[in-house]
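Report on one structure; see the data block that follows.
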């Protein structure tokens, strides 16, 4: 059985998804696309042999679409996801699930009302071999009882339109999800500590920053956010347990020795670093859809991450602790 | 277009290929299998929806087979490969291409006579990201002019039927191919130097050994062969150039700190270490076949590696240098 | 010229200093010792050919003592250091300079009143090759403008008498000094964030903890304090600048590959990790004394570290930010 | 007791020894120096307060000289060492002990005739912490039974007067000694395999080369010799045992992340890499002399290394195996 996928949004990440679904994922084909930029949509549709729809609603309704990938601007995600739920179609929604906790909660409640999971949120890190090995070391006793973690999240640079708060909602939101998942615990408070700014970034970025997360179980996570580190893309963490620690490091293929000493290359960007994770995410999702289930990061995960990001934006620039009160968790996500 | 693949031999590696072609490779399906162990063949055929043939000749002749994968015992490879050539069908033959240089040369000549490439030999390392990065550093000037290399090839253990000479024909043969490829040069002489034997291996293994390769361009490669190193699978190399060096190291996902200090896990076996390389090899081969070409390691590569392995077996246990005289290289492989 | 050193306190660290001064430091000998444990003092004095005094006042007054090392309990440091100042004798006082900021300030003022430096505080890390290389990378442009740092400070275990607050005054105090030195900046506020406790440590330890330091220049430092990590002694940091980062890692001599994978040994304790630093500290101090100067960490450094430790104890267990108001800095320390 | 040392030869290494003995080694002072370059000798003597002798014979005879360090040209070592033996004075002779095996044997026999050890040869690597840890892992069971080793020995560049054979007698001779010591076994044969030459070195250097050592116990060692590697000084090895391996890597203090990726600095030259080893060598030798004994690398070690170097020069450029027949080993060295 081939899963026929409709893709809403054919910007950078949407067209990458179309490419992967067409050429690298087994058991899927892209049957429909939509983008407000209709020319762009047509260009992406053609090589995939897909229909270019004139509205996302038409795409969702298309009987030739078994499942939907949403890669449109974040503000549109809740309406589009809820439409998929109402159509009974599995949907993989890129992060964020919504731009406000209230909107995210609306999706959660819509799905919970149906009594079954249809929504997966695009937290692709959970499919990275490194993070999977970190989680394994946390659960198989290797490091004893996990207590705290340190993380760095660095990008070489950001585009001019990037606002400082986006470091929380667009970059560090991945850390919010990943540590919720690794510790199997909710984040209860966030403090964004201002740091001396890099002279190389735009002043409005207030870059870098240190984000302190407190979790239900008492675990604490420190996250460095630096969207303008210049040298590359650098995502690492060390989880500390009662008996030892496990660290995620950048993947290594080769070591070069020469004028610069002994050196290992760093990833240039998230596209390079997480290429495999994106592919695995799609492959597993397609196989799950074919098997009639949805198993990945849930609408609840999307809601919780959005709630933390919202609190982080409140704390941003102030250094004050902001507590997070989540809604009651529907039984569907237990 | 879906490439319909027939697989000859459904032992360990053959059935792994069937699994990959069925579930992980885009654009292929397994349409036929054959094995002298007919029950085993039937078991493998069923989930793939493939025909289980009663002879390999029938499989090759099957019009429902577009291309063939050969994973039978090595002695059968030349006849089976030549049959594919005669049938005009692309064939991916597991290493070795043949068990003697003469037999391998027979395949080369059969293919050369047709004037076009149909044969690819299963040297999957050329699809490993690490080796690809090594080759890149050798050709883009990073290390200057490549001059020599050091390699280690270690297996945790070998089965009881393993004969010492098989360390040359089955294990180190991968090094023969990979250094021919990396240096873009033929191996002209091989010396297998006996070493103090490990007390933990069977005496007939004469394990470990050091293999010295001299190449057309004057490059020299030292290879340690150790099929009984106990601790895991460990394949590494350092290529030394006039300006620096590039090393292939084991992939790293995580680092654990604990009672044993700071540690990185080693691969357990070649299946784990080269899983991605095997998959990429098949994926690229299928895409090539669909595009009407064969581009990977050639019959000539298979012949040259077999000739070096043959010389290594001659040197084995004696420590004497054995020169290698290759036949004239047909223009097809220029 | 041989510097004749008197050592007050012959407990663990005091007797180690006597051993180093006797056998490893060029240009020094131990001429006098004192300890309230008179038998212990006599034992330590004998092999060094030193006089065992009956009071520390007598040792300071001894004309056969050119310079003094203080390794007595912290509460006694201010009186003993001030006595050395009054006697005009150079003094190397083990950390802490005092157990309260007021007492430390008393030493500072006593020294400042004399108009010349006689006091050095035993922050031996400043003599560690690794930290020296970190400082070099921070000042020579390698990492651009330094902005923030992450540090971990872990001990395998602590003795039963260890109180939780001692993690601030005895362990992390080294971090307070080292980051003041590295950033050439004062610490203006400290927050000690409580973390889920390790089940393997005594409950009163509240172990581990995360300490957040804010500095005059806006730099922020996160420090993990874990006095009960079980696996060894682990002191590392990463300093982040506008162009790159520099990390202090544990020294490496060898790498072992075996059953546990690829591993590097960790130091067992601070004695192993900082043995060279302690020796260099003493050697440089003795050479400085012989040259008529004192150049190492100053009484002001001791006062500032004590003030930060005091604020950390106030914050300990509460997670509240505590600001630090240092006294005016005498010109002597400019 | 202070050991009064006379130093013969005040070139680079000789004057470095004078500096260390004067300023860094406890329990020694330089009382006399000699060099045919009398001005140079006088310059070196003055700050140390040493007598500048007009002949090395006078220095050896000087009653104010307790022990001698020889750092003159290698051709003079045997006569000078034998003179020290005859004078009954402990002598630390820089490598090589002699430039021919016969001359080295003359020293061995002269010392053996006295029935007690007076000669130590300057193989300072045996005092390097890394090599000491390698030896420990080889003898404490960590890697099982040691079977073979791989080594690289690279220098950034060599002076114009450097002849190719000097790579064997001056550089790789350290490897000859270190593997004899690590394996506690003699080298019985050496093969120097010519390699494609680096275009960046003088043609007469025939650089790099691969040297194959066979040892009494059947162990085999491969050594890469590269005196013109450009990027720095790089001495590493991996010793392979029946259960695992131990590798000597370059010492690490810090890791820098930046434009070149994640990098560790390499040592610039042997002076930087082995500074501590040279100091420890002298310190231990002085303490031994003061205690009336000589314990380090012996005249026998110097002879054996010279014999291997001589065989390597014979093999140099030919690639032929040259066997080594050592004289009978006097009981003194058992």
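The letters A, B, C and D name the chains in turn, as written, and every chain counts its residues from 1.
Going forward, a contact is a pair of C-beta atoms (placed from the backbone, for glycine too) under 8 Å apart; a residue touches a chain by one contact, two chains touch by 3 or more.
Not measured: the values here are computed from a predicted model.
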### Task
Give the chains in contact with both chain A and chain D, ordered by label.
B, C
### Task
Name the chain whose C-alpha centroid is most distant from the C-alpha centroid of chain C.
B
### Message
Quick check: how many Å separate the C-alpha centres of chain A and chain C?
### Response
44
### Task
Please compute the C-alpha centroid of chain C, do the same for chain D, then give the distance between them in whole Å.
38
### Query
Listing for chain A: what residues touch at least two other chains?
230-231, 243-244, 257-259
### Query
Can you list the chain B residues touching chain C in their complex?
230-232, 234, 250, 257-266
### Query
For chain B, which residues count as touching chain D in their complex?
144-145, 147-148, 150, 152, 193-200, 208, 210, 212, 214, 217-220, 222, 224, 226, 229-231, 238, 240, 242-244
### Message
Taking the touch rule as given, give the residues of chain B at its contact with chain A in the complex, in rising order.
### Response
23-26, 129-130, 132-134, 137, 142-143, 243-249, 251-259
